[in-house]
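Same chain, two partners: chain A is paired with chain B first, then with chain C.
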Partner chain A sequence: MESRVLKPILAVYVVAFLLFLYGPFFVLTILSFQQGPDGGPQFPITEWSLYWYKQIFGLTPPSRIAPLPVGEALIRSLVLAFMTMVTSTVLGVMSAQAFRRKFTGSSVVFYLIVLGMMVPGVLTGLGTSLLANNVLGIERHWYTTAFATHVAYTYPFAFLVMLAILNRFDGSVEEASWSLGVTPWTTFRKVTFPLIFPGVLSAMLFAFTLSLDEFPRSLFAAGGSGDQTLPLAIYGTFAVEIHPNIFAFGVLTTLFSFALLSVYGILMGLSVRRARKLAMQEDIA
Partner chain B sequence: MTDATVARKRRLGPTWLILPGIVWMALFMIVPIAMIVYVSFWTQTTFNISPTPTLASWKQFFASDTYIGALWTTIRIWLIVLAATFAIGYPTALFVGLFVKSKTLSTVLLVICVIPFWTSFLIRVLAWRPMLGKEGVINIILLKLNVISHPIEVLLFTELSVIIGMTQIYCVFMVGPIAFMLGRIDRNIIEAARDLGAGFGRIFWKIIFPLSLPGVVVGAIFVSVMVLGEFATSGALSGRKVNLLGNIIVTQVGSLKWAMASVSGVILTVVMGMVIAAFLRIVDLKQEL
Partner chain C sequence: MGAGCKNLRSTVTGRMTTGAAIFRIDGVSKSYGGVKALDSVTLEAGVNEYVSLLGPSGSGKTTLLRVIAGFEVPDVGRVVFQGRDITGLPAHERGIGFVFQNFALFPHLTVKKNVAFGMMNGGVAVPAAEIDQRCQAMIDMVGLSGLEDRGVEQISGGQRQRVALARTLVMQPKLVLLDEPLGALDANLRGRMRNELRAIRERMGVTFLHVTGSETEALAMGDRIVVLDRGRIIQAGTPDDVYSAPSSPAVAHFLNRFNLFDGTLTAGKFTGPFGTVASPHAVRAPQDVYAIRYDRVNVLPLTATVSGPALKATYIASEYLGSSVMNFFETSDGKVVEVEHHLSLGAPEIYVARQDYLLTWNPEQAIVFGREAT
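Right after this comes the complex of A and B.
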């Protein structure tokens, strides 16, 4: 049978595919341990060292290579990602909640929201900066215009995640709560929200990571140099000569992402375990 | 409490729940895109821009080799990257979605494909420089293997490097949807075809490929939208030699030529709209999902 021949061939192909996917990052990681400050961003490694990692944290004596201007940009990016996360998750939960019953124009609204994840950042970024700069005459900042475009991008993701969760949600527990005279808001807080919490966590994770790495929207909508977010600061180093410090920084941000993912995993595990415990208590009762 | 008050209470007005979202998207997506169309007809002078309507920027766009060239480069690179992501991604999706029997293993493989996305986008782009350069890894390996005697110089800062970079960054968006559709194929259909004596080629073209087509279309839409809106990869890996419409927009905004940036933006929007409409012609997604 062909599949007996085809399967091993495809398996080898997939390994090659993964090499293609991971190759650049492996190389980048190796080169981040290049000797400094004279070692260049290429092979051979003249001497293994942690110089470029130390440089990022300002632990090396000043040299001709300026340290990456990432300190304040990192804080701005984290605050922006946090603001975006909270806003788009709240909007996402509200909209998905509204979509649990049919309303007139719901399919138009659905496409309006989902369009936000499809429209390229160049366009929303350009449009928002035109609006702020040429029509309203207001200054662009990372916490105003850039924030608005970030939410318009991440909110659709939060919305879709919550929609998927609420589609599988059993409404009878809410009805039980309402018929006992509990107000809708308390029902939402005490019954609905704990049940959809895993979805809320996923929506938050999506919004935070997408905003943290968002580049084109910030480029147009974030204004001047006092407004640089992390991706903008990294982009700024592209124009001039690159050094292994940017590679070391790439490794560190990836590790940070993994830490974030682990926190998400732990929270998710805890909430699943709690739900199981509650279900077991009910069974016993 | 009567049933009517319960019903009224639990409704909590879908209108009020959905309104903030609609307002946000209207203000920060629809109005900005409308602004691009509007400003593309404004009058641009060297230092200023005024809302007097004119077609000057549009005429300038279509009269200039640079801008028309950027439009064609965008379309060419989009088509090449789309074909490359499909060609490279489909066999992977075939293995993950169809050939791997265990659900766990196929999930693990998909997760492995997604992990690189945890590195910042710009760093992933930049990582291609030490791979492709004259003293880069690919040249070092090929020289060591005696495949070549001189380093290949066309690998970096050319259109080729942009294509390689974009293919690597975007091919996962092709793999995911296709693998998903392949995973949903009823294995009994394939077994039945095999029992009736069909070879793998026939089974593939008559059953597997048509059933995976919705996944291909979704993947193609993802890749198209992202590649057409690109400017960072082309900027970083071509040494500013490859200019896409996105690069034109960035440069024009940088020199405060808002009207010209808007014209490029409108053209990009139109191209994107046509591409998506064409893909949705192939497969009616609403029916498939």
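Right after this comes the complex of A and C.
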């Protein structure tokens, strides 16, 4: 009875959801196989080709369309995302660890940390560059000011992930370790960290992906043209004219992300399976 | 019976009587947000002594263990271990073993690595060969040979319990704290583990402090039983002392072996639902309570005439307990009275349901608590 009404509605909802989620990417993927260099970013496909993919890697003869200026920007963005990931995850794990015990002012500190993901990105970027330029006298670079804004932004995510993980963490294994004469630091390395590692992995993934495609915070904080991150460089090419080479690049980065996610999924799946087996054993016992 | 009660002290501490003390806690108090979990507790344990800490949940027994282990810092009081004040010492520098109720094994390590963990990562460097040898000896001792390379999630509850024990004992601590370690096991395994704990203790010479919520376990295991209630030690003594002469209505209630009746004690006479009975040897307590053991109550037909206490009650049901039968009676004001009949004394009487009987007992065998007692 109910399902006769509900099911079609749900079906429509799911189709719409999938359309909005994957539709743009689907269109983008098709257009990336447009013929080049004369084919534009629109239908119909005049001829299927891999021209734009080759163009990204500089495998096509020179033409009036400049190659995407992504080489250095990509490296910069990857290095920046990596630096941000390491810093934010370390900070996130450490501060979440601190929050396992109540301390005076803990709620104030909590909101101060979380503020980093609440404040509008453009404001943070602008504010940081003004602060660096006019007050501190620090030169703006992707590895100085932009790095700072990226950490301020991704650290709360890593912190919240670790907070959720440590919330469910049973501290008695740590106490057991102490009672065996093992120092708190060694206990953290040998017991706590291996057990919270799936969470650490999530925090790392969050920080990395958020930093990699961060635009508003980099806009002002990243400095001059020699400091452009990937999102800034791509945005720069939009300003003139759009060619399917951007779509081809989008497809490649998406595939890269999927590869990363798959690795994460496999690692996660393994540890979840272990946990489930543990729970099952406990039910039997 | 009354004579046994006379030499009980009014302020009870868990002081031990023989041997040198391996550890002592002195006037320890601990509160959580205004609630007193421990209220000036003083307790000593001798070398190689097995002390059972008995108490209802919320009595502070686990908190007491955690203070001794160093997981909690007491608000006031001192903890002394092997002649050294360790009140402020962190847990990993104490050398006191702790076996958790949920075992708290390291889920990412094998059985062998769990047992070796303390020696591998502890402050004292142990040569690899010795680690191997001590590990193997301990694993053999607790009967886990052949399971060394299993993950701890791949073994049964009883085996995990033994890993927890082996992991602690392999460090050769002089004091081991057991926090209801048998609670998670079924009755059969529990009995076997009790025997194993006794054997281990005889072989290794360790002082055990065993927290339990089960009165049978406490009576079975302890050289000495310490009863806790609301953060205070309310009685300490040998199992026989505590069992046959509970020092207060709370202890009697917790032992789960006594019918307790409210009433009034005046001029050496206790007046309760069963009439007025002379009670010359009452024990001082904050309220007037009359206690008679389940297996000391006699059941007579309603028409019988008795000289002592007489309580009219309706038979409800009985439970077969293997070695005895427990009969349940209900008094006119709805109180359930339990009467235990040991089968070694002969076949049980057959009572008729919903029929009234007369319950009586020898007043000499009752324990009477009262405010006016001396």
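Odds and ends about this structure:
Methods note: the second predicted complex is superposed on the first by the 261 of 285 C-alpha atoms of A that agree within 3 Å, B and C clash if a C-alpha of one lies under 4 Å from a C-alpha of the other, contacts with A are read in each partner's own complex, and residues count from 1 in each chain.
The rule is simple: a residue touches a chain if its C-beta (ideal position, glycine included) is under 8 Å from a C-beta of that chain, and two chains touch if they have at least 3 such contacts.
All of these numbers come straight from a predicted model, not from anything done at the bench.
After overlaying the two complexes on the shared chain, residue contacts for A:170 are found with chain C alone; chain B is out of touch. In the superposition on chain A, A:111 makes contact with neither chain B nor chain C. Once the two complexes are laid over each other on the shared chain, residue contacts for A:179 go to chain B and to chain C alike. Using the contact criterion defined above for the overlaid structures, shared-chain residue A:23 touches chain B, although it does not reach chain C.
Shared-chain residue A:274: touches chain C; no touch with chain B.
By the document's definition of touching, of the two partners only chain B reaches A:159; chain C does not. Once the two complexes are laid over each other on the shared chain, residue contacts for A:231 go to chain B alone; chain C is not touched. Comparing chain C and chain B on the residues of chain A they touch gives the larger count to B. In the superposition on chain A, contact of A:194 is made with chain C only, not with chain B.
Common to the chain B and chain C interfaces on chain A are residues 175, 178-179, 181, 183-184.
Note for the complex: chain A touches chain B at residues 1-3, 6-7, 10-11, 13-14, 17-18, 20-25, 27-28, 31, 41-43, 91-92, 94-95, 97-99, 101, 103, 109, 112-113, 115-116, 118-124, 126-131, 133-135, 148-149, 151-152, 155, 159, 174-175, 178-179, 181, 183-185, 209, 213, 215-216, 219-220, 230-231, 234-235, 238, 242, 246-247, 249-250, 253-254, 257-258, 261.
The touching residues of chain B, counted against chain A in their complex, run 1, 6, 9-12, 14-15, 17-18, 20-22, 24-36, 39, 42, 49, 88, 91-92, 94-96, 99, 109, 112-113, 116, 118-124, 126-131, 133, 135-137, 140, 168, 171-172, 194, 199-201, 221, 225-226, 228-229, 231-232, 235-236, 246, 249-250, 253, 258, 261-262, 265, 268-269, 272, 276.
Residues 69-71, 90-98, 100, 102, 104-108, 117-118, 121-124, 153-154, 156-157, 160, 164, 167-168, 171, 184 of chain C are the ones touching chain A in the complex. Chain A makes touch with chain C in their complex at residues 170, 172-173, 175-184, 186-187, 190-191, 194-195, 274, 277-278, 281-282, 284-285.
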